[in-house]
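As written, the chain order gives the labels A, B, C, D, E and F, with residue 1 at the start of each chain.
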Amino acid sequence: MRILVVNSNTTDSVTARIGTAARAAASPGTEIEAVTAPFGLPLIVSRADWLVAGPATLAALAARRGRYDAAVIACFGDPGLDAAKELLDVPVLGISEAAFHAAAMLGRRFGVVSFTAALRPMFEDCLAHHGLAPRCAGFRMGPPFSGDPGKVAEERADLLVELCRQSVEQDGAEAVILAGGPLAGLAPVLAPRVPVPLVDGTAAAVRLAEALVGLAPPAAKGRRRARALTGFAPEIASLYDG
Amino acid sequence: MRILVVNSNTTDSVTARIGTAARAAASPGTEIEAVTAPFGLPLIVSRADWLVAGPATLAALAARRGRYDAAVIACFGDPGLDAAKELLDVPVLGISEAAFHAAAMLGRRFGVVSFTAALRPMFEDCLAHHGLAPRCAGFRMGPPFSGDPGKVAEERADLLVELCRQSVEQDGAEAVILAGGPLAGLAPVLAPRVPVPLVDGTAAAVRLAEALVGLAPPAAKGRRRARALTGFAPEIASLYDG
Amino acid sequence: MRILVVNSNTTDSVTARIGTAARAAASPGTEIEAVTAPFGLPLIVSRADWLVAGPATLAALAARRGRYDAAVIACFGDPGLDAAKELLDVPVLGISEAAFHAAAMLGRRFGVVSFTAALRPMFEDCLAHHGLAPRCAGFRMGPPFSGDPGKVAEERADLLVELCRQSVEQDGAEAVILAGGPLAGLAPVLAPRVPVPLVDGTAAAVRLAEALVGLAPPAAKGRRRARALTGFAPEIASLYDG
Amino acid sequence: MRILVVNSNTTDSVTARIGTAARAAASPGTEIEAVTAPFGLPLIVSRADWLVAGPATLAALAARRGRYDAAVIACFGDPGLDAAKELLDVPVLGISEAAFHAAAMLGRRFGVVSFTAALRPMFEDCLAHHGLAPRCAGFRMGPPFSGDPGKVAEERADLLVELCRQSVEQDGAEAVILAGGPLAGLAPVLAPRVPVPLVDGTAAAVRLAEALVGLAPPAAKGRRRARALTGFAPEIASLYDG
Amino acid sequence: MRILVVNSNTTDSVTARIGTAARAAASPGTEIEAVTAPFGLPLIVSRADWLVAGPATLAALAARRGRYDAAVIACFGDPGLDAAKELLDVPVLGISEAAFHAAAMLGRRFGVVSFTAALRPMFEDCLAHHGLAPRCAGFRMGPPFSGDPGKVAEERADLLVELCRQSVEQDGAEAVILAGGPLAGLAPVLAPRVPVPLVDGTAAAVRLAEALVGLAPPAAKGRRRARALTGFAPEIASLYDG
Amino acid sequence: MRILVVNSNTTDSVTARIGTAARAAASPGTEIEAVTAPFGLPLIVSRADWLVAGPATLAALAARRGRYDAAVIACFGDPGLDAAKELLDVPVLGISEAAFHAAAMLGRRFGVVSFTAALRPMFEDCLAHHGLAPRCAGFRMGPPFSGDPGKVAEERADLLVELCRQSVEQDGAEAVILAGGPLAGLAPVLAPRVPVPLVDGTAAAVRLAEALVGLAPPAAKGRRRARALTGFAPEIASLYDG
């Protein structure tokens, strides 16, 4: 099985982290290709960022179309996810979508922890969009951040452990999501210091994508009518070829 | 006061309808400029369409930046709305956002009527996003449509009246929204045949935009840090200049 | 355009504040008449107060019937609002209703700040009634108050700024409502000290009432059957004349 | 134990029905006094009616203050209920409040059946206000009604049985509320024809009021500060004496 | 009237407390029989405990079938409640169900206070199950507990008063539930120290059960088809005899 | 990887279906053991059935403890699920839980189709418990059923296809769950006749269980204090050994 993992921002060091985390989570026999969005922004933090990261993500998905059995959008907030689900013939999962579902299966109420509160509005919109707000015990986020997204996971590891503990002890979380593409791969490192399951969105998305490939046959979707999309790169427009 | 009205699809005949409806609703002294999205799709019906219509809408908004006091995104579903609110210094309203709020002020529960059920998933997501689902009495939509978006208002007028009546009598709607950019300007025509207020999103958005201009001083937003956005037209990237 | 603004309590100094704030917000050409409830209580703080302020508000609305194009009920909690909407042929808006809708258009989540926590139960009921609780980031209110309602705005200005800041920083509010008739006109004064849009219910109601007058033609409502209401002042009973 | 039952409309024949139903439901030793609102309207059907019925109900409650251990507001919609709970030292229950709680204890989901759809908006507001909408399986109501409220129960008995059956079979109701003051006493008559428990609001309110008298000691409420209410009958104003 | 009160845990000293509280709340002429679950666990604190307490509770109910007019499941969390409602011909109430409904009738928003936070997940599930979460102002619970359940009420009385005050002052509770079977009978003792009504689930359940006996005639339920249940004590299996 | 699949009812022919469906869905290398509940009822249709099926399911899980890496409770309604999650050291999934999550990942809104409406109340409770009601487009169920649970899938196949189509066309479902243990394995058979993904709970649970095994390390849970459970079979009591 081949899974394409798209980092929706343009920071290659984050893509590297994500690729490593994805490979660590994948089953034997699953091949992971991790790619960086071909354009856009170095970090996705706001609703506007989320919007422009959508076509950038679609471009990456379209460029390799036919060469993967499932895809993962590895940006917490899931830019382009609904469009990709409509336009592609294979299962597509966002890492926040996957994290919410996995956490809900691992505990009645899950907390969401991340490195900076700037992400909270986008994360709240995303949680509401997926309909799992009733299962969320609350958010715990760190202070403003303006450093290297590829290094924040290590720099803020102790803070994140403390936020996880607050989520468990004060909010009643029975599972905790470490949210944000730049934190990919951190969960197994911090897990021994947190008393409930720690969920990494990238790992969850890879495992759940493997699961869905077996469940949703590619032929399930009907053919679409071809339509002409202008103003976007040819590979994006090709998604509208029908 | 100058209000820019952006048709998020690329069909000029729809832009013409929208412009006419906007001017009819505007107060004396308000100047309306109606523009067509510079690229994208001729009709926005799906979640994927909604995503790609976002940057197209931003491009139109960015190209005239500084030349309007408020902006209206005249596509039911409000593509690009949250991004535009973040990136621009003037009030921006979507026609579905405006229709939901206006209808809620005109009746305890509002119905949503449109020409084709294909729009329903996008409309439901949009309603949920604006948080006004508790005030909605339900949707009533027509059959599949593949004709000219610029003519559907007249062609399906009788059907729409019948759907409005069902909304009032069976769903208990106390106001009804005629939803969809291609229906702009139809509400005043059909109003005499419907026993509750009929809301046109374009008209509502123009009136509410006029109202907001007086309420939200342009200086209220802080400066943003400049960031480099790649892969989009220069005018879109310029929105990230800070 | 003529807008009648009714202060639902009997304190003339509050009516004066409200009238000044309403005139400052009104468009050129809009004439504001601000009146005090002809009977009732000097301050509306509880659910019982809210109920008895309803007929008092209706009495003020009925006494000037036919002499205004829209009406504003200038008491946070909106006493008599639903009845007035049913009984009058012109748009009627409450200042809390207007504040909630305006704030929701100015920010994804809005905070509500007021001078005394005694108002919170009435405000929460009101928010739930308007269905916008999903958009509210939370309440921040001051300590008990027993002074002159006409002076509380100035006396508690610094406290209110502090509560606004807590709403933004701790609750994630992207717009803040300064709630309560006695705070009318304070928002523009405090706005420079708060980093997000500050919403004054009276100003919002005046602007939105201007907007609705253009949207809802007076003829939209059907005639009602005349009914005999006993035990209330003749002007209130006249609202049931059909 | 003495329970005052107030019919919030001015139709004595409805008061008689309510009094009979209340006495049939009361425990041995409970004394029922049923009174008609001293002023107001002959039938409460709209939100405006609901508002003016509030002070009328308070007047009836105030006139007999000190002569009852609990009170029931026998008008579906519960006019004046929150005010009465605040102002009186004894338990006060509305018949819709009581019906919703009793039905929720008798079945997981309850249906609401009444003689005319005109009541639906008021009933829906009332259900939402009490917070029990998640337990409601839906409304089933008859056509417009303009006859004698004192006779509608018998005239529409067969229709009501049919609506109850639809509620059970199509909506999944596990208990059904026969809603509306004019239907007082009908439930035991129709019960043999309906396969789930039928709830009469008046009966439920009397039984639950008896229950609450034993639970909430009169001394539980603190003293209030006296305040001057103008423009209402002296007995209403006396409720503000502190 | 005879009411069977079942303590779902196996601690006789708790049963004694519950029996005393039930008798203190019962009307003259009501006979209370309090019994201990015949098997199971000494204290019910987790979701697993809740499950196994269900058949234990059914066994106690089945063993005395036909010898009571209503039953109360005196364990906060209501183990076995839905099954008992289905299988028995008399009204059955859980003490959390009763407490939620009684508190909602005594105040717009109720707080929930208990001796240990370990109970919170089970209580939250229970509150959500009964659909009254919109009326709950929040939970306030004490630290871990591992002592004698029969003595915790007295040992933690001062802590509980403090938690009640926080619920009123910080959460806005207008009534407070003292939650947990081991706290039965404590509410009247602490009531003088708390400014809002204090609700004891056992007392509420007894009073409400008395109320329901008069409302729901035993014949209302249809006959069930007999089915063979294996693996449980004969008295439980007998509940499936039809 | 070894997955234990427990049929919570006592019908071996249903267990056989479930085992076949589970093996068909499992990845290469996954070993499925399908077992029948050692006691209980031949079909689980009511809330009471659900309760007694809980300990029966725990008994099956406990009897093979240590011999599987994950467990699936193969009864739509998920009896015993929360208890099993608490008491076992491996991931446990219910087939309704798995179906809801899988369907939500395959479509924005999912429909639920089953062979008999008798199951609806239990399914609705289950959906609400998992918090995914906002994603559900509605239920479509067949008429009463009293035949052989092992044969109902084939007997009602045409009816189920028709219900699936109604769910898609009238309710807007973008994925449909074929709900109920007795329908295990039917989804792939009917899939060619339904235009959206068809979800089989058993298959979904097996695939998602495989995914979770990789995500939640066995050591994540803390040790519990040993407690004495009486009145249940020794293997159930052993789950409380700590």
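For this structure, a couple of remarks:
Everything below uses one rule, namely that a contact is a pair of C-beta atoms (placed from the backbone, for glycine too) under 8 Å apart; a residue touches a chain by one contact, two chains touch by 3 or more.
Predicted model only: the values in this text are computed from it and were never measured.
In summary, the chains found to touch both chain A and chain D are B, C, E, F.
Taking each chain's centre as the mean of its C-alpha atoms, chain B lies 43 Å from chain F. The distance from the centre of chain E to the centre of chain F, each centre being the mean of the chain's C-alpha atoms, comes to 30 Å. Between chain A and chain F, the centres computed from C-alpha atoms are 27 Å apart. In chain D, the positions touching at least two other chains are 82, 108, 125.
Touching chain pairs in this entry, ordered by label, are A-B, A-C, A-E, A-F, B-C, B-D, B-F, C-D, C-E, D-E, D-F, E-F.
Touching chain C in their complex are the following residues of chain E: 108-109, 172, 174. Of all residues in chain C, those touching chain B in their complex are 25, 27, 82, 91, 93, 97-98, 101-102, 104-106, 108, 130-132, 134-135, 191, 195-197, 199, 203-204, 207-208, 210-212, 214-217, 220, 222. The residues of chain D lying in touch with chain C in their complex are 10, 38-42, 46-48, 50-52, 54-56, 58-59, 80, 82-87, 125, 128-129, 227-233, 236, 239-240. Chain D meets chain B in the complex at residues 120-121, 124-125.
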